[in-house]
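In this document, chain identifiers A, B and C correspond to the written order of the chains, with residue numbering beginning at 1 in each.
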Amino acid sequence: MDQLLIPLLNGTLVAATPLIFAAIGELITERSGVLNLGVEGMMLIGAATAFGVALGGHPAWFSAGVAMLAAGLAASLFAVLALGLAVNQYAAGLALTILGSGLSALIGRHFGASSVTSIAKIHIPGLSDLPLAGSVLFGQDPLVYLALALAWLAWWFLNRTRAGLVLRAVGEAPQSARAIGYPVLRIRYLATACGGAMAGLAGAYLSLAYTPLWVDDMTAGRGWIAQALVVFATWRPGRVVLGAWLFGGVTVAQLFAQTFGLRVPTQFMSALPYLATIVVLVAISRNSQTLRLNTPLSLAQPFRPDR
Amino acid sequence: MRPRLALESITKHYGSFVANDRVSLTVAPGEIHAVLGENGAGKSTLMKIIYGAIRADAGEIFWEGRQVSIPSPGAARELGIGMVYQHFSLFETVSVVDNIALVNEGRFDRPALAVRIRELGEHYGLPVDPQRLVHDLSVGERQRVEILRCLLQKPKLLILDEPTSVLTPQAIGRLFGVLRSLAAEGCSILYISHKLEEIRQLCDGATILRGGKVVGSVKPAAASAAELAGMMVGAAVAPVTRPPAVTGAPRLAVRGLSLQPADPFGTALRDIELAVHAGEVVGIAGVSGNGQAELLDALSGEVACAADRIMLDGVPVAHLGAGARRQRGLAFVPEERLGRGAVPGMSLVENALLTGHRAGLVRRGFIDADRAAGFANRIIEGFGVRCSGARAVAASLSGGNLQKFIVGRERSLDPTVLIVSQPTWGVDVAAAAFLRQSFIDLSRQGAAVLVISEELEELLEICDRIAVLFRGRLSQALPREAISIDRLGLLMTGVDATAAVA
Amino acid sequence: MNGMYFERRAVPSRVMGLAAPVLALLAMMLCAVPMLRLAGLDPVATLRVYFLEPLSTGNGISEWLLKANPLILIGLGLTVGYRANVWNIGAEGMYTIGAILAATLALRFADGVHHWLLPAMMLAGMLGGMAWAAIPAFLKTRLNTSEILVSLMLTYVAQLLLSWLVNGPMQDPQGLNYPQTALFSESATFSPLVPGMRVNASIFITLGAVALTWLLLERSFLGFQLKVSGAAPAAARYAGFAQARLTWISLLVSGAAAGLAGMFEAAGPLGQLSPVISPGYGFAAIIVAFIGRLRPIGVVFGGLLLSLLYLGGEAAQMTLNVPAALSRSFQGLLLFCLLAADVLVEYRIRVRA
């Protein structure tokens, strides 16, 4: 049992990391009132860009940075339509996902079977060598810790700073926010671009650390799961982390089904994360009161400031 | 003495529509100045320009003698201008402190701010608990927060946009007291309203707007209400005639209706008893937020409850949906015109179909386009709806005309019971008078009419009996002759329990 | 955007309604030029291969119609839902399940000549799609869950189900262990309209569906209810239109259309099931619905346009060594341009003097 627990915990944390990045990013976007269904596309752009840059010999942090920039730009394209032209946000987000999927495959067409050096795990002498907890708590790659730090930062930002308060106000009642003088559209642009950058970072993690190989559509729906996570977490960063751990666990579980001698077809195990997503969505949505109390009131509604 | 604020020839267009046409006015320090005009005259636009929310196309603004430009609400606040909005700009899921922090510059220090809010509230007689979430507050309390938010900035000019539409008569008196003491301290006040009596009571000077232009500048105390009304409207408005009611059987009967709200921020209904007879107009007064929306949902059929709680001509209907109730003769004009009473992006013909489909416009599942167009045209002609034809999109009509269309549609269904909510909100005076008369006429033809409104004057004008809704409880419906504004005011604050139903 | 603002038109512009898709297409091609350059491709050659070459032969036209068929059919079903603001993103999954159910029938009755088999398979396809659509419908109406995420998750599940079936229970025992089913018999396959080409009679059924959808949306009262509930849900409640019923109808209609399209592909050009039975028709159909401006006639044009993109993608793959994924980029770009152009239908742009 001991032999399985460590890899399971490690696997869970690693699998959860891209989900945390993407979901926290989308959480910020949605708290400002914008629904960006393009997370999957932005993750793919991030993954392809990061991989491409890394193949050129650049260090991981630089590759990830470029990926964040690329995805942030893609998100800004969505923002121009959804915010500047007040177009239907669902359709614009879907367009972004489709475009992102195509672009990433286009960028990735020359990658072939090359691989990049995966991001190294940290090693703290003494702590990382502790039995059991050592490698799990202190032996992950730096992005795992970054994800948790960003989640905490998001919580602090939303609840303890004025800027976060303004963001929440914009998401709840944009007309009122404008009435008292806040530039609603500018704030939403920023929030959307941030969300995009985070999705790009999630994608970069996938292609640089998770599986340092390139496969078309390597996100396999993680962007959508991250979207569902935001709803499941009722737009709270702490819950996002918990949900991501849950999904990480489910994703990794298939590797262990074999070991337990479970004769389940691989496809069924692969389907678990998607089925789990449906289950948690139902669980959180059943009580319409809870949902209504927590959803940012102006989510996905086009905002046309009167002049 | 230099005027605190002077506007010269302010002009603002929206396309071909001129909202403000060379408007000029002056406000002295410590003066309470009214801006008077009916709905659509351009008052709100003017205020938004002063407050920096929108920009004028032409004209100058002078602040304490200097010419200034006000590009944003932040700039207005810096000059010392504060604005209390008609439809508050508060954030419901956030506390009072946080709401106020949003306009407060400087360090983000919640505890210190909370202390200042308490102090200021006591000083001005506007007490409010800083930690409470805004959605928990009553409408009157929310207005206090709006005002305090402005007062914290130590304004030199305070603008109030229709502040009394959501207040009980007693609360109005208290507000006037606060405003007078502010004016005595040197703060100028711009008071936007269409309520003539209040303006005559409170204001030192008044500028009257009509169709975007200034048509007069008077001292309200010196002019009569009729004179002011005449200047506002530009023509004499015929008063509504209310022939005596000859009532018949109860067409709408509500017995013991209690309902929990679906909305977490809603009001629970408790033991509502009401009967509306054929031939009469019954009114329900009350500040919104006391259960009106919930009562309307229950009456219209959008929320179902136990069958015998609501009876239509003696038949239990409370378990039926809106469509089934319409079939039994119920018609309903909701408070929200665009988005509920009519679909903004659809033509008037299609909007006629919304509830008119029962009038033979649908055969075997298919829409009869000619009949529908005829139906819509008859409404347009019969109710004098100004529009660019039946194909015009609902969103392109003015408030008054759209309301006339909706009321016309519901009346064309020959209802036995008509329920209307806030029927003349945002509607120009002429259309409002027309609509009020049409309610009375309908009742005298034998239907039962129920009017829910915040405007006491309106109810007193058209209703035969009036009840008051307070915190989900409905008082007895008293005959018009037995009611005064003061009595209604007491009932609206829950003080007078003598009219409560046993 | 500082000097510009939008003014709502009193009546939506008919001219722009027709011009918007054309403008969008032109804009897309313009944007494609720098994109292609960046990807190291010759823009003119690529665009020519994409838009002109596929239509230059008779076989090309046949393939064009063949691919347009499922796109239009699914697009019609989605249109009904989108007008009602029911966002079915999972048409791909419903397509797959429809194909699976139709294939089950085909394989069960593989021996002999059965004239009823093809119509029965069509019914099975529709029922399969409807069953898969019933899941998000139930979850939305009873448990308040977003149909977007549920229907999308189910596409992944459907794909995995297909993979399991063709690797296991439905695998062709004489297939040399390839993950695919046996070929369908003649009774279970559509015969080509013209020998040598693949386009078959199912396109006529799709044309019939176009007419039906038009009748539903433009002339029927049910269609009116769907449109109102999409445009202003509060008005639909006010009018007494039953929301739950309309949601179910929207999802079931799009499910049936997608499932039938799946059957058309399985019983037509594919002739069997394998792990990949769709180049993303279910998702491309979303774009088709939007290009068609959510109108049945428009969906036909949208389907033809996107079919051209698919064909162009295949041709480009062969002659220019460009990945098929380029099509997806074009699709996404086209949708972006269309959404932007669409704004001009309802609004006029005004510049502040």
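Note that a residue touches a chain if its C-beta (ideal position, glycine included) is under 8 Å from a C-beta of that chain, and two chains touch if they have at least 3 such contacts.
Remember, predicted model here, so these are calculated numbers, not experimental data.
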item: Interface ranked first by C-beta contact pairs; value: A-C
item: Taking each chain's C-alpha mean as its centre, the one farthest from chain C; value: B
item: Rounded Å distance, chain B centre to chain C centre (Cα mean); value: 47
item: Chain centre separation in whole Å, for chain B relative to chain A (CA means); value: 44
item: Inter-centroid spacing, chain C versus chain A (mean Cα positions, whole Å); value: 28
item: Per-residue multi-chain contacts in chain A, two or more chains; value: 307
item: Residue numbers of chain B (touch at least two other chains); value: 14
item: Chain B contact footprint on chain A (complex, rising order); value: 161-162, 165-166, 168-169, 172-173, 175-182, 289, 292-293, 297, 306-307
item: Residues of chain C defined as touching chain B within the complex; value: 7-8, 10-12, 219-222, 224, 227-228, 231-232, 234-235, 237-242, 346, 350, 353
item: Chain A contact footprint on chain C (complex, rising order); value: 1, 5-6, 39, 87, 89, 139, 143-146, 148-150, 152-154, 156-157, 160-161, 163-164, 167-168, 283, 286-287, 290, 322-333, 335-336, 339-340, 342-343, 352
item: Complex contact set, residues of chain A against chain C; value: 37, 41, 77, 81, 84-88, 90-92, 94-107, 109, 185, 216, 220-221, 224, 227-228, 231, 265, 267-268, 270-271, 274-275, 277-278, 281-282, 285-288, 291, 304, 307
item: Touching residues (chain side chain B, partner chain A) in the complex; value: 14, 52-55, 72-74, 77, 83, 85, 88-94, 98, 101-103, 108, 263-264
